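Two complexes are shown next, each including chain A; its partner changes from chain B in the first to chain C in the second.
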Partner chain A sequence: MQTLYQPHDSVLHRLNPLSKLLVALPQMALMLLVSEPWTPLAFAVLISLTLLTLGHVSLGRFLRLLGPLLMIVLLFTALYPFLVRQSLVDHTSLLFALGPIKLYQGGLYIALVTGLRILGLLISSLPFSITTDSADFVRALVQQARLPYRIGYSTLAAFRFIPMLQSEMSVVQAAHRVRGVDSQPGWRGRLEQLRRSAVPLLTTAIRQAERTALAMDARAFGAHSQRTYFRRMRFTGRDWAYVLVYWALGALILLGLRSLGLLGPLHVLQIL
Partner chain B sequence: MSIIEIRALTVKYARRKLAAINQLSLDVQQGETLLLLGPSGSGKSTLALTLNGLLPQAVGELREGQVRVVGLDTQEHSVADLAQQVGILFQDPDAQFATLKVEDEIVFGLENLGHDPSSMEARIQQVLTDVGVLALRDRPVSALSGGEKQRVALASLLAMQPEILVFDEPTANLDSMGTQQVFALLAELKSRGKHTLVLIEHKLDELMHLIDRVVVLNAQGGILADGPPRQVFDAHGPALQAMGVWMPQVAVLAHELRRRGLELPLFPITLGEAVRAFRGWVAKATPATAAPARPSQDAPALEVKNLSFAYGHVEALHDVSLNINKGDFLAIVGANGAGKTTLAKHLMGILRPPAGSIALHGEEFTSIPAKQLARRIGYVFQNPEHQFVTETVWDEVAYGLRVMHEPEDTITSKTQELLETFGLWRYAKANPFTLSYGEKRRLSVASMLALGQDVLILDEPTFGQDERNATALLSILRGLNQQGKTVIVITHDMRLVLENANRVVAMSAGKVLFDGAPGELAGMPQLLSDARLTLPPLARLSALLATEHPHLRNVLTMADYVALSH
Partner chain C sequence: MAKNSPKGKWSTRDLLVTIVIGLAFGVLLIPVTWAYAGLLSAGGIFTRAILGGLYFLPAAFAAYVMRKPGATILASVLSALPSMLGPYSLIVLMIGALIGLVGELFVWLLTRYKNFTTARMLWLGMASGITVYLLILGSMLRTTAFEPSILLIAAVVSAAVFAACSLVARYLANSVVKTGVLANTALGETTADEI
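What follows is the complex of A and B.
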């Protein structure tokens, strides 16, 4: 499957996938809650530094990853001020007006905050997604998080189906074009096209899944309630250290921002 | 002691009227190498699944009888227990992996059985060395070639140390390079003598020296013949051919020549034996005067000029130029990844060629609207199911005509005519997905001819078909070609090329290596090996015979041999 993962030997790569998840999830939750630009900005810097130092990600690759993210955020920031409910911001100063289109300072601020929060959210997931092998993640889930192994390994097997179905889909659509199938405009045409492609796709997927299931059964998959592991995942002192140091750094950032008076209120419910 | 004992076995699948296996009894001795043959649908794969208990424990229904392997009743012992006695290598290399990496794949079975992890390292080294892929240990399975995948899949079976290995068409999805790799592995397993081997395979000539015994199933799921290969192919040859069962080509030839009066003291089943058996006979024979080559019309149907194409950074076509004449039966050959399909996709406008690089009957390709293109060129995909867009066989053929708004009576008469020509008339109301593989294939060709397309492109048309269906389809294609249609076939089956094509283009790494007559390509061993192609058995036979009898150099197919006269 097309993932961001790149095999390498770095501190982050050697960590247990779950410890990276334990760091990423609270950060992502925080990004959903904050209402000012400084927190997402500070965390984006912290995470970027982590990636560059501990993750063995070269500056070039980091910028290539960041580029598309920044594009999304910029596009969003540019459009968002015009979508904000006017009554929320019309008490702030008007920066620019063209007929009914009005740009308020408050609208721009909200857009900037939201853009940075999205950036923070996306960046928070990178240390996990860039340095984690999906098989290791499943192993950690099964071995440390007590996920039943039948579910874990079936999921792993299903991962392999996604690229297969993608290429299958493009072949089917090409085959239908060759038949002279007209793609009708509008949702009706799309629905019809989906229905036509679904039958051959499902046929292939089911056949493939049956074969894989037989091949797995034939190698004693699911025979016993427990199985052994050649690659044992461990949650070691290093993992604890990573999680605790990171949480401590996060807390320091938040305390620092608060003492500077930059930390705004945390909202549970707010529009993205 | 028999290592496999099958007693009066009857197997049925849900929602099928007839039994897949019917009252079958069979004993296999330890260390034997057994070849299982039969027409498609005769229950070969079903029989394989009964050996490790997957049938009836995972699929199917065991109605009667008993199967014992290494003394264990497959209904009483779990698949997990039986997995340590019987390993099955399946046909589809992609569908049999459970994990994403080679090493994970090797230990998968051992982990499931709860083996001690400290014992696994030695096992991994051992089996990867045995199949010759130790260097691939840390690779993702998706990065392997077809032949490598089958080796890794076999290694993962060997890790569980089964005594019996079953190969269910292990080369069916591989090109000739991958096939050679798997066959070399089989020969090595056989020479080690540790395993009992059961093979289901149809590329037979290269395997015959390994086979101790042949069992042929009949269409009803019983046994038609059982014995040493020489005896089976000698005594039952004509019956096997009538049923559409693949046979070694030299055995088919032996029957043909015997019918023409040749006495055979030893019925040949391998190339070496065939050389000895036919040497005297061919010495006196003279090749039939070559039929005058079909005058190639110089009106070009398709002209390709300096076409290059890349998927991202990966170059798939490099400066390809080629003229396809009207009335050509052209084969495009090469290994997987040589660029054959990419080229064909350009010829159908699935991939947009740059302006000026392709012309259809002299007309600039990019200026022809997609709908017009569909009217003039038919394209048959490798998997016929991909092309089905309607719910009945009738609608499937009529579809193209309806899209073009043909009058209703034209649609009716044309559809009926095509269904009759392709032997599909009695299925007119059936759903295309319920047809057999051979019928699906015929339907996909029929539906591509409804608009009177005069260029037909087919991607691997004989893939996955039994002898009879493959032969039937090719004779339809030859008929269409004789009516003046241009037929372009993408294939790595050199037998198809030598028997049918009047011209062949060999590709490798996106380049055209050869463009000319098939017979000429057959005489260029270096070029064949560069393009990773292997000659079919009879062409190799004549190459061996030609060292003594140079006049055999151009005798390449069954028809050529039969036409030799005294």
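What follows is the complex of A and C.
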């Protein structure tokens, strides 16, 4: 299975996955609340520096990861000004007009803020996804976050199915091609196409899951409320130091932006 | 043949089956997730409303097959895992958890884990679609700035796509149950009783 994670011996790699989660989640919540472009930009810089220094991610790889995310921001900025309510922006200067399509400076600003907030949300995940082994994440959830081990270890067991499911999917598609199965036009055809791929995939997966469950039960899985661990995850002082220093840097950024008058109001949920 | 475990009690088989339902749909949804952000930026909130509904498939499928409290949210979160290992990582996980939570709430309210008729599945999809639309678009995309007509159309699209996905999940589950692999699940037992 192709993932962003690459084993390496860096500070971020050695940290407990939950400490990276404790850093990323409040940051992502903040990106949902801000209403100006400076906070997402400042945090994007902080995250980039963290990845390049503590994560030992090469500049080339980082730019390759950042490229598609920047493209999203550009596309947002290009499309959103035309969806913005006109009464909200018609007092700002008109930059471009073609018939009913009008581009206001205010619309462009709102689009840029939305695009940068989305960039902030996406980039906040990178230190976690690049430096965290998914199995270690589940182990930490079980050992530190008190996730019931029956769920955690069942998930780990089922994780092994993902490559099998991906290859099964390719086999099913290849079998359809060999047999010359053509998709019919229209929604009925698409539904039939989905059924043809999904039913064999689900059938194989469920059959495999039942066999695995039987094998696990035969080894008394879940018979005891407590269990021992071959691989122990620990939340050490280094993890606390990372979380606290990062939060302190985040607070400094917010205070700095506020003193410069660049921090706008925080909105909890804007629907109507 | 082993009987399905009582409602509310999870056997290892129930857990594994629910988890692989989530993961199998997660594998099916990987291309959607990779294309998601690009399509989202190109098609705006309408694309989000359409593609967002696809992430409801595993939740609706697991709810319909397992009929146990927790199955909807577990399958939805697990369906995010194959995509979570890509560039959208925690966002996909958050959206999976949100769809699972909303779905679980409406499964409990509308079906009580017992009554999964076509009409109830339709209502389940529509209610979940509207709620997820309000929560995601309200927090991430700042819909306050959009024209009200655009907001209304996107809400209708979201409800329609979630409802359609709910029905597709039911259709797929009914197709899978014919293969016999779901014989030990709540759906399999209901089908056997009907026969």
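Side notes on the structure shown:
Criterion: the second predicted complex is superposed on the first by the 260 of 272 C-alpha atoms of A that agree within 3 Å, B and C clash if a C-alpha of one lies under 4 Å from a C-alpha of the other, contacts with A are read in each partner's own complex, and residues count from 1 in each chain.
Rule of thumb we're sticking to: a residue touches a chain if its C-beta (ideal position, glycine included) is under 8 Å from a C-beta of that chain, and two chains touch if they have at least 3 such contacts.
It should be emphasised that the depicted structure is a prediction, and the values quoted were computed from it without experimental measurement.
Of the two partner chains, neither chain B nor chain C is touched by A:Q193. When the two complexes are overlaid on their common chain A, residue A:A218 makes contact with chain B while staying clear of chain C. When the two structures are aligned on the shared chain, A:T92 is found in touch with neither chain B nor chain C. Contact with neither chain B nor chain C is seen for A:S48 once the two complexes are overlaid on the shared chain. In the superposed model, A:V171 makes contact with chain B only, not with chain C. Taking chain A as the reference, the larger set of touched residues comes from C, when chain B and chain C are compared.
When the two complexes are overlaid on their common chain A, residue A:L4 makes contact with chain C while staying clear of chain B. Within the superposed three-chain model, A:M71 lies in touch with chain C and out of touch with chain B [touch as defined at top].
By the document's definition of touching, neither partner reaches A:Q144: not chain B, not chain C. In the superposition on chain A, A:Q208 makes contact with both chain B and chain C. Chain A uses residues 134, 157, 159, 199, 203, 208, 210, 212-214, 216-217, 221-222 to touch chain B in one structure and chain C in the other. Contact residues on chain A toward chain B in their complex (touch as defined above): 134-135, 153, 156-157, 159-160, 163-164, 168, 171-172, 174-182, 196, 199-200, 203-204, 208, 210-224, 226-232.
Here chain B touches chain A in the complex through residues 49, 52, 54, 57-59, 78-80, 83, 87-88, 90, 92, 94-101, 103-104, 107-117, 120-121, 124, 142, 156-157, 160, 345, 348, 350, 370-371, 374-375, 378-379, 381, 383, 385-389, 399-400, 403-404, 433, 447, going by the rule given at the top.
Of all residues in chain C, only 10-13, 15-17, 19-21, 23-24, 26-28, 37-38, 40-42, 44-45, 74, 78, 81-82, 84-91, 94, 134-135, 137-148, 150-151, 168, 171-172, 175-176, 179, 181-182, 184 touch chain A in the complex they form. Of all the residues in chain A, the ones that touch chain C in their complex are 1-5, 21, 24-25, 28, 32, 35, 65, 68-69, 71-73, 75-76, 79-80, 83-86, 88, 110, 113-115, 117-118, 121-122, 124-126, 128-129, 134, 150-151, 154-155, 157-159, 161-162, 165-166, 169, 191, 194-195, 197-199, 201-203, 205-210, 212-214, 216-217, 221-222, 267, 269-272.
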